[in-house]
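Same chain, two partners: chain A is paired with chain B first, then with chain C.
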Partner chain A sequence: MATTDPVTATETKPDAPKPGTQSSIERPTSRLRKIVTDQQFILVIVLVVLVIVFTAINPVFFGLGAAGNILVQWAPIVLLAVGETFVIITGGIDLSVGSTLTVSSVIAAFAMQGLTTAGWSEGPTLLVGALICLGIGALVGTINSLLVNVAKLVPFVATLATLGAGAGVALVLTGGGPVQGGPPNASTLSAPIGGGLFSWPVIVVIVILIITGLFLHRSRFGRYTYAIGGNAFAATASGISVAKHLTKVYVLSGLFSGAGGFVLYLQLNGGSPSAGTGDELGAIAAVVIGGASLAGGFGKIGGTILGALILETVYSGLTIINIDPNWNQVAVAILIAAAASLQAVRGIQHRRKA
Partner chain B sequence: MSDKGTPLYEVKNIYKNYGSVVALENVSLAIYPGEVIGLVGDNGAGKSTLVKVLSGAHQPDSGEILLDGVEHHWRAPHDVLAAGIETLYQDSGLAPNLSVSSNVFLGREITRGGLLGKLGFLAQKQMDKTAHEDLERVGIGVASTDRTVAELSGGQRQAVAIGRAVAWARKVIILDEPTNHLGARQAAEVLEVIGAARAKGLGVIFISHTLPHVLQVTDRIVVLRLGRIVRDSPTSEFNAESLLGTITGLITLPEQAAK
Partner chain C sequence: MSNHTASRIWTRRLLTATSIAAVATVGLAACSSGTASGGSSSGGTAKKSYTIGFVVGASSDPFFQAMKVGAQSEATKLGDKLIFQGNATTYSPATQIPVVNQVLAEKPDGLALAPTDPSALQASVTTAHNDGIAVVNVDSSVNDQSDVISFITGDNNDGGQKAADEMAKAIGYKSGGTYQVVVGLTSATATTNVERLAGFKKEIAAKYPGITIAATGYSQSNSTTANSNINNWLTEFPKLSGIFAIDGTNATGAAAALQAKNLTGKIALIGYDAYKTNVDLIAKGVFTALIAQDPAQEGKDAVDTLDKYLRAGKKATGIQKSVTLPNIVLDKSSSAADLQKYTYVQNG
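Showing the complex of A and B:
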């Protein structure tokens, strides 16, 4: 994707500030132009600049090992962020993704510990663990959708409640310590392959992202997701059951959180009650950096993928160039502010056009 | 009116309260094929509530709804759309972030053939093309149906909303303030579209504050005041002055109000 971005985006001059050049904005010149949006072009540039800067400071950064390490950190976060993207496009928010990741990985870790002790072999044990993670994700998503649709809570409050409940359950179950003793070779599944750049979980995550991207941008499900965020009344008046669709979206977000929990379990070879603490903020940051609007109606999977990649690149880069990791949060704050400002500028241009 | 046969769409003795506020009180209304009725009234007279009842967005507290003489209990707009009744809502019927064709097909998307179609994958090119044809057929040319609605002017948006309603309507079309935001020429085009819908045998319910338009295009005018129908008469019985007087309550017909 990175090789085609600059070409298309340069041809169409997406951010030409002159309001008079409407035709270039209104008539897409190619299909690629529609898929690769302006925001994503900017994100690729940002990513390239970050890599150049970090490499200039410490050449170790420019290697398969460092890149592979970024992808390992990126895999669980991007899963949360992609589920979050659907929710944010509907105009909602899901604060529970981090704690769902935690609680699903902890409960799956207990189950896999038990099955391993009972003499189950590795494959079936991991399969059960994965299904438990997804099941818990779906359960939390269902609770979120009931709180939003039936109890009529705003999504922020509804998912704040499940964030707290999930984190609490994880602490109660574990007593605050890690859960180990599952299939002994689980972590070999996430061992680096292909010169250190990839691992099996990362490859599976990439495949999931491609399918999900097509699903959001090309299917009826995706179309309804955008319609609800753009104008929920218009969606209802067009015969769409908004409550039913929101239920599916929150369950989908829960499933992605559960999947993130399983990936993290593989990487840590165990569960931890603090595994996903604060990850909801990382996920939301990735979505916002990716160009989605918290007001709903806008956002792209490609943007979210790049947003999460930028986040992890910054974390990893700051570590490699020996900057106190406590600065991470400040760096992320700057990125979010920059992305939001860019969006605000675009919004103004958009209104001028209309 | 009994010589016209069965009404196409009819509501009888509709009541609707919002808490202690009476929005509709014993409202009965019938529309026949190929008829354009004007629904007028001051702000708060109950026009929007009646539109929502007719379009299935709200359920009445009591009363009957009949389509082709058969009683229906609409649960959601989906039921009403499926029955061939289209509604253009004032200002809010389109999703601004979606393209023109996505809006025209919203809720009724065309999917691809085969497995991908079963998974809900969309035939976007076909929808772009069909939407373009639909809009042109009703006399609305939109240069490119893959532009988002947010990129259109107020008049163009209204044109898309009307085109969408006319393209899908099989029985009744309800137009809530369709000439809002429009210049004189565009408004005249909308009135032509209404005439074309009538010629096709559709029933048209035209809600407007622009009384000259109502007098020009309708066959019959229904006046709502404070949630009740105070007059339901052929348009020929009104002039601009008497219509305004009836809306504001300065002119009352006791025998009509008593019905």
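Showing the complex of A and C:
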């Protein structure tokens, strides 16, 4: 496999700031320093500190109930954020993820409403709903890739257009109100099983995340993704079809958004035109807190997963300790600034060593 | 008014871009329907046709959709032309003022305005008045009413009080008992939210001292956020007796949370605004009661008042300076006819 892979020659550790510019020789003395400055290690510490602080203020926080809530809220956001991670590693951005989530859940809700009225049973109806969500997601991803590759729009503008269009379509279709009348017991699926920690959607999302993590960090697809973000010209020169790969990355992001739409359908027991409003910024925040660089070439699934978990922990924690939820925005802003500055400082350290 | 601006500050720019795209679609639809009614009114009738501008907050909200239906049918009946406009999704003066200016540029004879801010829209009302355009306020109002011929609204304070009465009934209130309830709001400043909460608190303080409001939170017009708030409160307050969902977005989020946790019927849920999906959930026992307004009647009365005023050469008698429409309580005992009558019309 390695012989057919044009990137292998220039490949470096995925946590180097700019693959291709970094020496692959690691000094043994820098190991300890590397652990201390490792983004994921720091994120785990931050998470532990948050849990301790919230628990100290209100012990109810340290329990299955609160943890179960956090995971339910985390599931749709982490799906968006993981798709976004791929796009951001290529040096692009996908602003349409929240709208895609909304529009896919709304259209699937109409379909499931129709099928339920027609007498379909719960299982097949939900299966069709899930496929519609993924289909709409893939469609939006395809439109994004055409706008980027064919219409030659920069990703920010291309996906800003689909963000607006998606939100508008969802409003026109629903007339502003929620769409219900699908399988009546759908929402019980998103409740934690047996009052424990995990619900079915959360379990499925965790499986998806493991597969995706291996896919990004172990496959040729993943190496191409990093290579394009590190240096698109070098990637082209080494034989990668950048346009073709970007198409796959945007469709992948769309699929993740569609999957998020289905998870949110289950959570809200219906489609809602406001379900994903603003979620694109939650997703980007999770990716940035997770240590990815908006300049491209750099980022990890594990970081994004922790980033999304921290966001939802802050959100639930502030509610449970009865702090004005508007402070949530301030807390998230501080986390983003801290994560981005940490990453910038580390980037300088890496360059100095090289 | 039930849906308000999404106010995450750091998302504002992007949301503005969203609404530009959205208003292009919905705005065009509103324009074309206005033109159509003008065309039909010009044929045949001898009496003069008036042009009435109608500007609301977030026009995609089913509350305003229902208002539009009421206004449009009355305008068609009277042979007037209606220009119904509003930003599609955002309830804010920044997005409403340009829409008002655009409608005023079309030189209507009258303007029905649901101002999104009591002081920011004052200048627009003065401008209209100075141009000889008759102005009524509907749903919400500007501070200085001297240039406004009538203000037609649902009573939010009364709605909050009725919600408190329904809550007490639903949780089986007995004096000496202690009960915890939570209130899901959209934002801390939207006047409708403020008034409903004030009415709710006033009634509890006066009649039900055993009820404490354990927490309040904001959904920022997002049903997912509303849902998360309720989930967290259900964990925080294991002995929770009831939820007051102050508008449609919160009602959607709260209903899903109770259904997911199998707490339907165990925790009282009082909702506000008669979205069709919420009305349907009364029969299933998810909503103990819904406080409904009558936006279609508000729209009808606004058009009717303007028409009467214009037709009488602005010397009409019998126009009330302030009209407050009563709220309706919908619950399991409501007749099917009432449930249907008060459900907000949705184009979906």
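One rule holds in what follows: the second predicted complex is superposed on the first by the 316 of 354 C-alpha atoms of A that agree within 3 Å, B and C clash if a C-alpha of one lies under 4 Å from a C-alpha of the other, contacts with A are read in each partner's own complex, and residues count from 1 in each chain.
Operating definition for what follows: contacts are C-beta pairs under 8 Å (C-beta built on N, C-alpha and C of every residue); 3 or more make two chains touch, one makes a residue touch a chain.
Since the model is a prediction, treat every value here as computed from it, not as a measurement.
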{"item": "Partner chain in contact with A:Y226 - chain B first, chain C second, else both or neither", "value": "first"}
{"item": "Partner contacting more residues of chain A (chain B vs chain C)", "value": "C"}
{"item": "First (chain B), second (chain C), both or neither touched by A:R218", "value": "first"}
{"item": "Partner chain in contact with A:F298 - chain B first, chain C second, else both or neither", "value": "first"}
{"item": "Partner chain(s) touched by A:E280 [first = chain B, second = chain C, both, neither]", "value": "second"}
{"item": "Partner chain(s) touched by A:G65 [first = chain B, second = chain C, both, neither]", "value": "second"}
{"item": "Doubly contacted residues of chain A, that is, touched by chain B and again by chain C", "value": "none"}
{"item": "Chain A to chain B touching residues, read off their complex", "value": "25-28, 34, 214, 218-221, 223, 226-227, 229-231, 233-241, 297-298, 350, 353-354"}
{"item": "In the complex, chain C residues that touch chain A", "value": "3, 6, 8-11, 14-15, 17-18, 20-22, 24-26, 29, 58, 60-62, 65, 88-89, 188, 215, 217-218, 220-224, 227-229, 231-236, 248-249, 252-253, 255-256, 259-262, 275-277, 280-281, 344, 346-348"}
{"item": "Interfacial residue positions of chain B with respect to chain A in the complex", "value": "55, 57, 76-78, 81-82, 87, 89, 92-98, 102-103, 106-109, 111, 119-122, 124, 143-144, 146-147, 150-153"}
{"item": "Residues on chain A engaged by chain C in the complex (per definition of touch)", "value": "58, 60, 63, 65-66, 69, 72-73, 76, 95, 99, 160-161, 163-165, 167-168, 171-181, 187-188, 190-191, 264, 267-270, 272-281, 315-316, 319-320, 322, 325-326, 329, 333"}
